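In the two complexes that follow, chain A is the common piece, with chain B as its partner first and chain C second.
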Partner chain A sequence: MRRYHLVRRADSRIGRTIAFYAVGILVSLLIGAVILFALGINPLDYYGKMFTIGLVGNRYGYKSIEGFLKIFVPLLITSLALSLSFKMRFWNIGGEGEFLIGAITASVIAFNSEGMPNFVTVLLMCLAAMISSGIIGIAIAALKVRFNTNETLMTLMINYIMLYVIRYIGETKADWNFFLREDSERPKFGTFPDSAVMTGIPIGQFKLLWSVIIAVALTVIVYIYLKYTKQGYEISVVGDSSATAKYAGMSVGKIVLRTMFISSAMIGLAAALTVSASGTISDTVTNNVGWTGIIVAWLSKLSVPAVFITSILISVLQYGCQAAATQYPAIDINYADLLQGLILFSVLVADFAANFKIVKKEEAKNA
Partner chain B sequence: MEYAIELKGITKSFGPVAANKNINLSLAKGEILALLGENGSGKTTLMNILSGIYMPDSGSIFIDGKKVSINSPEDSGKLGIGMVHQHFKLVERFTALENIRIGMRDAGRFMHGADVRKKIEDTAAKFGFEIDLDKVVSNMAVSEKQTLEILKVLCYGAKIIILDEPTAVLTVQEIDRLFDVLRKMREEGHSIIIITHKLNEVMAISDRVAVLRHGEYIDTVVTKETNEKALTELMVGRKIELNIDRPVMEKTHPLLEIRDLTIKNDEGAVAIDHINFYIRGGEMLGVAGIAGSGQKELCEAIAGLRKIEEGQMIHEGESIVGMSPKKILEHGISMSFIPEDRLGMGLAPSLSITDNMILKNYNESKGIFVDRKTAREEAQKVIDRLEVVTPSTETPVRRLSGGNVQKVLLGREIKSGPNVLITAYPVRGLDINSSYTIYNILNEQKKKGVGILFVGEDLDVMLALCDKIMVICHGRLQGVVNSNHTTKEELGLMMTGTINIVNKDGKTDGIAKDSAFTDEEGKA
Partner chain C sequence: MKKLISMLVTAALAVTSVFALAGCNSANGGNGSNGGDKASNFKVGAIYINSQNDTSGYTYAHHHGITEGMKKIGLDPAKDLYIVDNVPEDDEKVKQAIDQLAGNGCNIIFGISFGYINAFEAKAKEYPDIIFSHATGYLSNDKNFNNYFGRIYQARYLAGIAAGYKSLELKNNNIGYVSAWGTEYAETCSGINAFAMGCMAVNPDAKVNVYEISTWGDQQLERQAAETLIDTYGCCVIAQHCDSAQPQIVANEKGVFGCGYNSDMSAEAPKAHLTAPVWNWDVYYATAMKAAMEDPANFMTKVGNYYEGLKAGFVDVSPLTANCTAETKEAIDLAKDLMTSGEWDVFSGVKLSFSGAAGSVGVAKTDAALKTNEGAEIVAAGGKSVEDGVIQGTMNYYVEGVTQVN
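Right after this comes the complex of A and B.
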């Protein structure tokens, strides 16, 4: 006889959710601590370095913040873009592919920008990336609208296609291939000329890149767009029930195309800002934002302010793990990935536990 | 008395909602027990507990006097319980025989063994079923599918059969045939629970009636010792007037004329086949027909959501063929369709009442922003006027009860001041009280001179409410009859296509004598 079963909780209290999250993170940190301990590292020490992203006692603390922001900006913009399409129930899991397209087209301009003014180059890079990514997004949306293809499969495939395209570019020595360094025997991506490298506002030694300001501004814009504009309203209706949208006289196809264009173009923009900020391109340029962004969007329940906060937390986690790992010879970047996985998994379990409970079956009292 | 099933203290909650509260119910051997209750009273939940789909939070179940625990549909089947669900559980691409065979676990290795066929044929003969075992389910009519479902559970050796609203999809004649089968099963010693909320059927078929209200068990009464009025009171909890008003209005000029209309469904088959009719102001025209006879396609075509193949749709002397849904709405035709899941079309369930109010006119305000201030005022007006029970205008429609959802939908449609109101299944799934509120809303509109097309399910209601009733069968017009001069039986025969009275007296339907639009104009 089965005595226990799962029941959805009646109410969702924010306090309880936070408590469950805290417990979940604590448990994953404990598991991580056991591994650290086995490797002969003091876990408290390690975690201390991790959560301060290597700021404390570091002469080059501003470098840590810059490093953190380089992870944060693309993740934030990608998560916002994905939330936009998820809100419409369009399962765009092609963030990786859309990002790579943007990165490649932005790099085409960057590698050929010698001597151009910096502002013009970066602007052109952004525009090129947004248009190219947007076109791919709109193409997949068009297939969905016209032939009712499965957008999950289509966007998933784009990820692999673009991954192999960039690997091909990165591994093919040829006259046409201006992506690669000319002075290297082995194929190796070159670095952008100064004209294509993102500048910013210097604050002491620290440089606040323009990309950070753009990302924060985009957050505000997306928030207003979804909440107050007619187009945002249309996205909610289509996402809630496309039959209703059609019945209300909305042209669902047009809305899907438009939203997918905006979503993909934003991911393209994230890519352009990323390659410009790092001054080069590589096949790991996405840092998995296409995947992590999906987690951020869902953990935030597609709410824009929550996406902003979750993006900060996950970026702290990612950068902190890397920063701490570099200080211990016994562990490498893989441990950072492992710990990240543990924490994300336990947060998802905590989220489930906050919404469901296990109840015991009672016998009848009057039987 | 010997009991086939006894339920003691069954409780089942979904979150804060107790669907079943401490329910005690008994089913005697060889009896037909009707389970009566309004929507949301917990009938289906209780039966799902018996069939192993849900597990009770507390309480015990006794089968043939022995305490049992039902943890899965398989357990339920082994105990001899068979359930015929409201939405059939059949494999569309399989034949009748294959559908029965897949559930027979102990019948050898082969799908089409001779013994399997023999066993099924014997069972069918015993209960007087007429069924073609080699017919593919997707080619079957609704009543055939239901016969197959019942035969299926009998072949699995069920002694206790539960039928969840089996008559909802059947015509009057088919219901009679179903009841004959049920009586035969009772003679064979089977025990039957039938869920329905049609009182006349309860009186016709059951031995005893168990009544649930708001998840609680109220009473079990012997059918012979009760009447429809007493049952209604048990069900609703207080006295209620069962008469539906039908104000007689001065009929004005024809508002909507449909001539020779042909429409295809999503699969490309003809759904509506050369139909003619018209609606005048101050008149309510009912549309009767078996589920899936083209009602949905007709409504969608008039609202501009579906392309038509042939024919004309004329609104106040102007053709609306090829107009966008928005344009048609501006013309004064408003359509509200309540689909089977109730929320799928017409409302966006996760959005607030406010946001649902502006669904059709959000684009009329200036600028890029949605005008929520006006919307909130309109939502408040609808809430006040139709007495919608809701915490606020910002509550998601999904959280409202069925009656309130439908009030919001109708409220929005009426708000735009249409002169033709098309409403399909407006009381679908509503309890008696909410249904009457909806009838009143419709009658009020009629008094204002609005022409109403009422697509309905319940013939009793349509006879009481509508001025005229148009019957369609497989998309063909079977005739338009005056509610005062027809009977349920006649309508039933028309619905199955047995009687066709179109052009009986040499008069053409669909072209009103004083039409402002001649046929020639339409062709030009």
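Right after this comes the complex of A and C.
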């Protein structure tokens, strides 16, 4: 019997990596094209609409860009936040839960902000969301530091707890429940008063929301933080080896607590910006950024500029898939999901293939 | 080094998408936007809660209604229909779906789920030239935003008649009802009540046992509920207000009978199915699209908030199967006549009772108060039917003869 081994490639050539990625994406698009062809749709036409996020031939093209940015901002901030904790090898997969806590606390302020100045309300929403999400993050980090609990399990469970909390709020008609529309017999989340709805800079008909500017600024700040500050350096040392960090005289526990607070608080901020931009909350408000953010962070190898670009590409994929599917009665959203999955999967495979190779056992010995 | 690689990798991703972008720009530059130069410029937009390719259930029923309605008035669903499907009841996502449909030039936009209400209300203001039509909602304006639903309780009353006859034949007064919700929603509550009143118009001793599954659709729970109703409560007919045909399939397996919902479920339960209350959504969709196409400015005066029933053919029961007793058809026709003529309606102070053998079934009207199962009087004997607003929005009691078992 022949044995095969996986061996990490000794060198990493850029040309090869690019080639693998290109082939991966091409293969996934080709598989998608076969399905489109079977459904009687011209694949080039479809892909064209998809990668232009439905802008071409759209009467309200600027709204497509606004919609795209609303998907992009939370994904970018969450991915950045997750990269921070992953860099420290702290497996925070509780992005969904941390996002929901932030969204709920921000909404508590929003629903009760009638008459308050817009700027103050939005600022308060952001602060409340950051603090509440940050506290959950720090609590989980504390359990890890003090009792060495498994953070993967803890953060994962937070997702489900918060999902059921928000469903409870959304489905319980009661006097205390100011989240719901009062005039509706059926439970239905209400709409924020204008005081809590994010404004922006109008550019013609297009409105550039402040959240976009905040997200871009945050990207720069995180980049500088990781690259040029002592704290940023500490994170990578703890990530590489906590023993090294300890012998270098760093307080590992403190670094873990601090970084998890920052990471969760950023996700809380993303949530506050999201609910404020849409003017409401729902149990699907996260748009799965807690999960997608993990993919973005890893595809980007935790590099901040790469996170920025990857977030754009994933958002184009998400928004574009839906926009294109709208224009074809034969295509439903399941196809859009399928295509997204195919592309992500093949990129991950390509990434793997670019870093590893399969060799026979004898060759491995000789190698 | 690692960083450099990842940068290049993402750059590669970017390059491929730029290529695709360029490709489509040139492709689109040539022939302009799609569909714009067709003879008919009328475009229909639809927002669905589930997949447009479903083969049964709520979304399927609406999709079928919209496509059939379009064909009736000469529109081509393959060209003139734009759909965003699997849209959750999340205002932001509904708004984005509406923006997409508006951007593609839709003249009328239908939303089929109750939770789309906030987004429809907001967007109707934003796009005054587009007509917004929202199923099961209660909001509207006087220009371009209506709601639509139907008197499905009338069809449920008819199905109740079929179930009542079956229970008489089997000498078993226990009838089961698998319901998504109980008294929390007027929609389910009024359906249960109407069905029970239909049963009792034939078999005054009939008891309707309601099993609430607390979700609009969960095949596993629907199945379990039907099993409980048959095994524990000895029910001989299983009616339902939930998305799948599971309750009928269980009835078929266990050798009892049933009334489906939404579509004729005879294929799923050939030995069990009696008849099902069904919607003919195309009746509304054709009406609404025609009005929006011909005279959009007067949409709200011509169509307005739509709440039709048997009379308009908007609701009905599916063809009776051979499982029904001989008297069923005559009795159902009699009741249907009374409702289509407007002479009588379900939730009034007048009770129908059917008697006589097949070939000579007769209906008698007697004044009797409409009472809740706790004995409170809703409508005095001989009184008029409760308001439509109650049936659609606030009914939260069961009538006599109904028991919720869980």
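Heads up, the rule we're going with is that the second predicted complex is superposed on the first by the 352 of 367 C-alpha atoms of A that agree within 3 Å, B and C clash if a C-alpha of one lies under 4 Å from a C-alpha of the other, contacts with A are read in each partner's own complex, and residues count from 1 in each chain.
In the analysis below, contacts are C-beta pairs under 8 Å (C-beta built on N, C-alpha and C of every residue); 3 or more make two chains touch, one makes a residue touch a chain.
On a predicted model such as this, the values are computed, not experimentally measured, just so you know.
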item	value
Larger contact residue set on chain A - chain B or chain C	C
Chain B versus chain C as contact partner of A:R8, first or second or both or neither	first
Partner chain(s) touched by A:A243 [first = chain B, second = chain C, both, neither]	first
First, second, both or neither for A:V359, with chain B first and chain C second	first
Partner chain in contact with A:T52 - chain B first, chain C second, else both or neither	second
First, second, both or neither for A:S278, with chain B first and chain C second	second
Contacts of A:K230 with chain B and chain C, given as first, second, both or neither	first
First, second, both or neither for A:E182, with chain B first and chain C second	neither
Residues on chain A lying within both footprints (that of chain B and that of chain C)	none
Residue ranges of chain A touching chain C (in the complex, touch as defined)	12, 14, 17-18, 21-22, 25-26, 44-45, 47-52, 54, 56-61, 63-64, 66-67, 70, 181, 184-186, 188-191, 278-280, 282-285, 299-301, 303, 305-306, 309-310, 313, 316, 322-323, 325-327, 329-330, 332-334, 347, 351
Chain B-touching residues of chain A, taken from the complex the two chains share	1-2, 5, 7-11, 228-233, 236-237, 240-241, 243-249, 359, 361-367
Interface residues, chain B side, partner chain A - complex	8-10, 13-16, 55-60, 67, 69, 71, 303, 305, 324-326, 329, 335, 337, 339, 343-351, 355, 358-360, 362-363, 368-370
List of chain C residues in touch with chain A within their complex	1-14, 16-17, 20-21, 23-25, 27-28, 32-34, 36, 51-53, 77-78, 81-86, 88-93, 95-97, 99-105, 114-115, 117-118, 122, 138, 185-186, 393-394
